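Have a look at the structure that comes next, please.
Naming follows writing order (A, B, C and D), and every chain is counted from residue 1.
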């Protein structure tokens, strides 16, 4: 079926753990709710362990498998490569795919180093000139409440932005016996809370405000310096063994920031905040109003309009499930909530729409590079105990 | 000092338990924050046990004591009698005081029976004709958020009222070993949750909507039918003895209601809701908007304005601490919260202002009588298992 | 693929509006996250309008279409019939399907009348004896927080249940110009808020408490008695025309209830509560604890444990996204929320698991009949203005 | 009356604006609810403008007046001097009072400079040796929920403290036309948001954790650099004139901190956060649990106990109104909330109790000095754009 659509978009995905499952759900369902110019087809899944790969492809619904990502890129029947691997392999895979003329969706953070990200952004720019598209996966931008936040700022409802506070709080590492997964190894993950979750709040606050962080001073902390080495792992979970290894990334990070437009910001990302599971909290204060968001109540945006009379002014708890809200009209009636995975569906919608329209989707690899520069400046400022400019 | 004020209002109060302490706090402080036409003077406290009475007067700051309420009423140096006794004595004391030309503030519910309340309202009407004022103590009307709710309805911000839901949830009787205080004895208290706390939500919803309950059907329940007889008691607390006695009032009550103006309502009052300490929850839905209030967050009123565009419509969390809000300007800056006792202070403010201005304060004894009629109709409808009109 | 599974379950679905889309999402995705004994196959979609049917099948991913539900039932390649039509057709389709040996999933309420529901329950009982399974679609039971609520009650964490309060608040009919859809026509829908959303809170409270409503007294209200007749409609939305027609169902309903086990309850369902979009609120008070749930924050269950010391007792805000929670382990890491549609996925999981195991799934048609008896008693009690027993 | 008490404590207070009113309320009422060793007597109020002073004394209930604080200190019938003036006069008045043998309660921040604070702490230490007591007015310590937070940390319920995040958000300066009060002039106030409200969260987090901030790096910002000069002012309010003057203090401040015990912290204080009126938000994460507090819901403490099974773990919303909670037993039944001013009452209770017992009350001037050192380090680190140790 779907023959009335203009065509299909054949997707090859590398990696099938946590992000792979989330991306699969998006590729499977986006065209069932949204009108897309191209229908995604889950052509091939790529991984190294053939047995686990086959099981994953079967479970997630991919048509075929490849055990070498180079082979995947070589396939004629793959139009887009979706990179869901740890950060140390992003650059190599993504650049090769772009050079082979494949569109690329790459998980965040774009890379483990600024140098890699520079190369990726350059590759993306070159590819774009021949109509090959690329996008970095800051999916939280696609939560409807975040989309509404961006819209309200752009529409001037907050006036001039003065203050930003952003926190990304988790607690899955609070237990010292939580195993040493790849996310805790600097050579695989680049950094810890900083790059994994700090990257999200950097992107989100810059996206919502439409402004960029210009300088920072940061502080990193590793509270648990040794952990059991896992015997096997998948996604965020792993099975601890008896050997112990060194944690080489940060458990928690905090930094102060100045935005180019004059706003000041405080940022914190941690995996040690007992009782906070995935609390992405963002508050924006402007001259005319304020916004507040918490991912633990992700269908809600709080909005204070300071132009209202004091008698009835108050933070409005907007349940972001109305047809007027971003992405929501395609789903359920008002009050019928969306979940975590819907952000990934919306990401596919925006990406496929851009590919179909022949435009460059956002956030671009250049945007991903800029986030990488902020991450790098935070790390370096912490090392130097001083403020640092984010280089352009 | 205070000699520049026109004069004093000499108060005699009967009872010094929970309500007595709250009223004392109000008489002591009202003129320190509000500009009153008369300055209250805590002239005399009345109770039966001389030793406990003297200790209470000392603690609460009353100038003198009387062990017989008739003697109190006879005193020339008492202008107002404040009745803080159990309900079975309200009628006798209040009527005698009014007939002696004393203004009367009487705790709610006005009486234990409709007949008593009728007599009291008649006495109040007679007294009013010679400038003697009376008021029933539905203090929750004086919580600023409730005052704001009333104002918004009156200003038409909700349109036509369609639905009312009101709950008063406590849990101090959930423990079967909580002692058998006077509040659990029908001959002292008249009823249980119905008259003690149900009366408040009847008054509040009628006050906010400006409408009256016309018919009801109710259900009463006593979950714990025997309790330890207390050896001594004070306020809401008591010390349990070994003897057990019968609970002769309801632990919980619920009723459906139709308002004269066409709205429908659901009401519930209970002392058995584990974890709810003093949760007075009121929601009002109108054609143009809605209100929600919970006394456990008493400085806040939630307001939904349905005339706003759907994109940014949401319940506003109004922190009712602005100078524009009822009573608040006399207190602290915005965001500096008020507490339970402030309602009593505001009650004194409104009462003394009315006395000073020569007007009849609200809620009147006639209002108290009408609440009593609703209470009576709920009880009778529960007995008859049918709907009943509230007689006028 | 999936050849290692024991087989497939070929599904034929009747209806493709709001519920059809939700059910399709469930049939499409359940086996991607859960280990099922049979893999669902979306074999055939049935509807009357051939053009719209084909478009819907294409959009939702059904393999074939039928314009006559009898033809669907006759097909050998359909193992299960999923009934997503208005209530007036449930009985005929479901009974025919069961008699043809097809498993049946039927949307709620089971039927428009008790008589129909009796016939359906009888058909289900007969079918069950030959291994044909049936289930009624009270999907909210499958929200993880509701599953946890049920578990806590069953484990005795609340003690003996004393009080239940349940509200289902929507506002999509608050606007008098909202069109007269089939849900507002008694002959199609049976009743209004009562059967459509009131049925859910009846089922939920009985499910969580493990108890049944024994007697009720109710009140129904139609605030807007005439509405524009729609020229076309789909799901909950419709386009209003210029003609006006009579609303023949209730906009709002409230009732008091007594449960067989001694608890008392208050219930309210309305489509007129401005600002409440899909607020299913349930509170349960027991001798040892309390629970509170609101679907507008559907990933959260509030639990008060009265056995804790008073110093640290408080309602716990349990974010129901831990692997220990019902259904959740198959999805995302803690704090990554689920949405409305996940309840439908879980419904498919439970249904297919029961079919695979050869057991009867819950809620059964007998359970659906019992809810129908409560609905009927509420309606009749409102007519008679008295209490009514729910017949067994 | 009160003759059965051991004696009275005669209080002289300097200043009668916002803080003066709050302190008066405390002196007037503390002994009405708490059993104090000495009964406070509001002996004398001191201010410069005789007319306004007399009106204030009359309004607030002080027995006499003095227009020169030196005369107040000279009076034999004053036992304690309560300093409620702007920060630039604290040192001179407090030191003179201590040297005259008067107990001193001094509003926070202790001084405008570290040097002044050093002198005050030294004077306090000298005075203490002859039984003269001193205390700095960090009243938020006396909010019952904060007292409970301290208790839970001290009892080990949080384990080892890892992270602290604290915000004090107000918005009264968001309007650029808000007048230039003394609080915006460096020579009167010392600093802006930093010293006025930042001091509170420094004290609160150190108090709750029982730990001290060892190093900081900060950022200060003045968003509105010119404001109308007021023609008259009182408390937080003032009347704007037509002339404009320079704002010489910060509107907002943020800083990162490392505690001596190993915890890391993020702090922010601002008067520009539209919609936040007096939001003091504190979160503490430890190895075994977490706490969260917001003064806009000041009767509540949220507590997460990580030792609970994951199935039922969640932040408990503790309504801090139980007799088991700090200070609460003297007030109302559970669920009857306290307000802003009660912290001042509790401050008097603790101070008078310490005086009566002959012990040194907390927080001491030495504690106030340490907070001053942190404030100074934040300011200096912001100037130098680097981290700074807090000198001991």
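Note that in this section contacts are C-beta pairs under 8 Å (C-beta built on N, C-alpha and C of every residue); 3 or more make two chains touch, one makes a residue touch a chain.
All values derive from a computational prediction rather than experimental measurement.
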Practice task
Could you pull out the chain whose C-alpha mean position is farthest off from that of chain B?
Solution key: A
Handout entry: Pair exhibiting more inter-chain C-beta contacts, C-D or A-D
Key = A-D
Completion exercise
So, in whole Å, the Cα centroid of chain A is separated from that of chain C by 35
Problem - chain A and chain D, separation of their C-alpha mean positions in angstrom - result: 42
Fill in the blank from the handout: Taking each chain's mean CA coordinate, chain C and chain D are separated, in whole Å, by 54
Practice task
For chain D, jot down the residues that touch at least 2 other chains.
Solution key: 276, 313-315, 319
Exercise for the section: State the interface residues of chain A toward chain C in the complex, per the touch definition above. Expected result: 1-2, 4, 18, 22, 24-25, 28-29, 32, 57-61, 170, 172, 235-237, 276-279, 295-299, 319, 321, 332-342
Completion exercise
The answer for chain D against chain A in the complex is residues 162-163, 165, 167, 171, 174, 217-219, 221, 223, 252, 254-256, 258, 264, 266, 268, 270, 272-276, 283, 285-290, 304, 306, 313-315, 385-387
Problem - Of all residues in chain A, those that touch chain B in their complex - result: 148, 152, 157, 301-303, 305, 309-319, 322-325
